[in-house]
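This is the structure I want to talk about, given as structure tokens.
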Amino acid sequence: MTRSASSAPAGGVPVLMKGNEALGEAAIRAGCRAFFGYPITPQSELPAYMARRMPEEDGVFLQAESELAAINMVYGAAGAGVRVMTSSSSPGISLKQEGISYIAGAELPAVIVNIMRGGPGLGSIMPGQSDYFQATKGGGHGDYRLVVYGPATVQELVDLTIRAFNVADRYRSPVMILGDGILGQMMEPVVFPTEKPAEVAKPWATTGRQGTRGRNVVNSLYLAAEELEAHNLRLQAKFAEMHSNEVIYESIIPDGAEVVCVAYGTTARVVKSAIAMARQEGIKVGLIRPISLWPFPDEAFVNLPDTVRSVLTVEMSAGQMVEDVRLALNGRLPVHFYGRMGGMWPIPRDVLAEIKKAAGREAGVAR
Amino acid sequence: MSVVVMERVVFREDRCKGCEVCIAVCPQKIIALDSRINKLGYRSAAVKDQEACTSCGLCARVCPDAVISVYRPARPAKPAPAGEGRKAS
Amino acid sequence: MSSIVERIPVYEPPKSLSDVSSHYCPGCTHGATHRIVAEVMDELGLTDKAVGIASVGCSVLAYNYFECDMQQAAHGRAPAVATGVKRVRPELVVWTYQGDGDLASIGTNEVIHAALRGEKITVIFINNAIYGMTGGQAAPTTLIGQKTATTPFGRDKSWSGSPIHLSEMLALQEGAAFIARTSTHNPAHLGRTRAAIKRAFQTQLEGKGFSLVEILSTCPTNWGMTPVEALKWVEEQMVPVYPLGIFKDWQADGARSPAAAGAAAKSAKPAEGGK
């Protein structure tokens, strides 16, 4: 592909962009040099954006024959020492699970984007948050963890995408951006950085011996049990380090809060509106918004004010993150759940009703 | 003047798995399995009659385990009759 | 007076082949083919700029046997992994080594798309009509009538179809620049295999497109034969079903050989022998 004049948005000033496209631009700003993807709604604007922008940056865009092929192309490019990304939506992310496990096992850096839609199965093309388990509890086989980010705004999508490449390289491990169809499709002003981050050296990559070193091997197979156990212990030490260093969350808990809501992604924005409405009615409500879904911000759930009587988790699912909330609270407080599925998303009025139920103020409106 | 018989065909007997494919292809029929068991648990192929070897190299070229190296004597240092010459393969 | 005779090498194992004992069964043609690939790498000076992609099958440990950089890929995905490497580092020589389960069963989609895109990679395809590593189950390349662990009564055409002819299929793609099928059943055919592998790598070096060599190979263990008997079985049973030859050759203006046209008819012939 010949390099054409750059259509890159300016850095340092607000630019109005659609989430899927802003994500692609953020990846390029982060030094992403290869993107392998496949069309699926609601993220297809991202591969289309990369198809146009990558050649301008002497990068590689290739539409793979399937999501399965795409994740394996990511494996190859990551193994060759290049910053690389793929994206899909829920069913396509299911196809990638074997490849993600291989990437984690072979200790390769990569960024995987899931713009979630309704499931299970073919589901719908409307937004959802029902891939939380898949993202944070494994998804693929074996003992590994993904660092998982749940952005709530298009700006956060940009910032976390750039962060994802740095984190992936630092730990030699795959990182997932868990967005949803609302975020992918909405347009908001975003500011891009003016400089690319410094990249780490990758002496382990398969760049050819070049007469300067012995061979490098990228591999996740360890047939001898002692070797595989040792390998897994090293991986676990890495994940423990991530657990210590990579927690991000937002916590807004006013004095005298009676209820604390927990939500991530675009759902959190709905919850913020509901909290403001509750405030109007004299109910003080706090919010814990996990931004890293793995590692989960357990620390946010300790030392809550004594006035807090219950926790309300709100998700676009049947209840997935709520299990991690319960684990973090360890029985200290009752946990309520409110969720919508199938592409329906919670609206502030209904969340307010659930807040009141959680606060024991009045019977909520059943849906 | 006597000439030391060189080893034309050299077997790394600790790598041989006794598959016998070299035995089948040798046109001189001089390869046989040794009676001893090697470190891998196989009877290695070996050549006793090195003088009968013509250095054709077929054994080396079929061997799955890169066990075999084949050599031929260098031309002795004396004037060669016209027209001679055999290239190494 | 005695004189020491100087010796000249007629054959020595290639430097690109790692100096280790392999896990392959005695007589398995993986060994000879590995050696031949390494010879070509030595001859063309590829080792310092090559990246080999090992697949899943008996050759899963191939990354231990070649001195160039290696990546180990998921079952069937080696052509996609190779695509990822070659697209971001086009100056490297990227090649895959795959068995018939890996390439002609689970990985057929990936190899077809790599060929149609004209990916400048080289695929070494080992066809031994069976799944070796997992204990002798049927492969898409298993011959009609051939008994395997999952076709204990012999492959039945009406139930499981006929053997797949990958080389002929891939030659249909414009992006395929060099496609050949060779055999391992005697030194002469091993020589032709070597020549084809060299042509395939040269195709990549010249940037002409996708190259693949399908190599009829043995599985003495799962066929229930000695290595020498197995080579005979390739010659007598496999070659009639899988015609040898060059199916696509960019140097012949991308012509496809007549052998490609006749392949389908030959595949119906039932196999004799086998387990």
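We call the chains A, B and C, going by the order they appear; numbering starts again at 1 in every chain.
Heads up, the rule we're going with is that a residue touches a chain if its C-beta (ideal position, glycine included) is under 8 Å from a C-beta of that chain, and two chains touch if they have at least 3 such contacts.
The structure displayed is predicted, hence computed values, not measured ones.
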Neighbouring chains common to chain A and chain B, by label
C
Using CA atoms only, can you tell me which chain is the most central one in this structure?
C
As a quick test, compute the distance in whole Å between the mean CA positions of chain A and chain B.
62
Chain A and chain C have mean C-alpha positions lying a whole-number Å distance apart equal to 41
Rounded to the nearest Å, the gap between Cα centres of chain B and chain C is 28
Chain A: which residues touch two or more other chains?
none
Spell out the part of chain C that touches chain B in their complex, as residue ranges.
1-14, 17, 21-22, 24-32, 35, 186-187, 190-191, 220, 226-228, 231
Touching residues (chain side chain B, partner chain C) in the complex
1-4, 6, 8, 14-15, 17-21, 24-25, 40, 42, 55-58, 60-66, 68-74, 76, 88-89
Would you pull the chain C residues touching chain A in the complex into a rising list?
47-51, 53, 60-61, 63, 66-74, 77, 80-89, 91-92, 109-110, 113, 117
Touching residues of chain A toward chain C in the complex: what are they?
33-34, 36, 60, 62, 64-66, 68-70, 72-80, 82, 84, 98-99, 102, 106, 206-211, 215-221
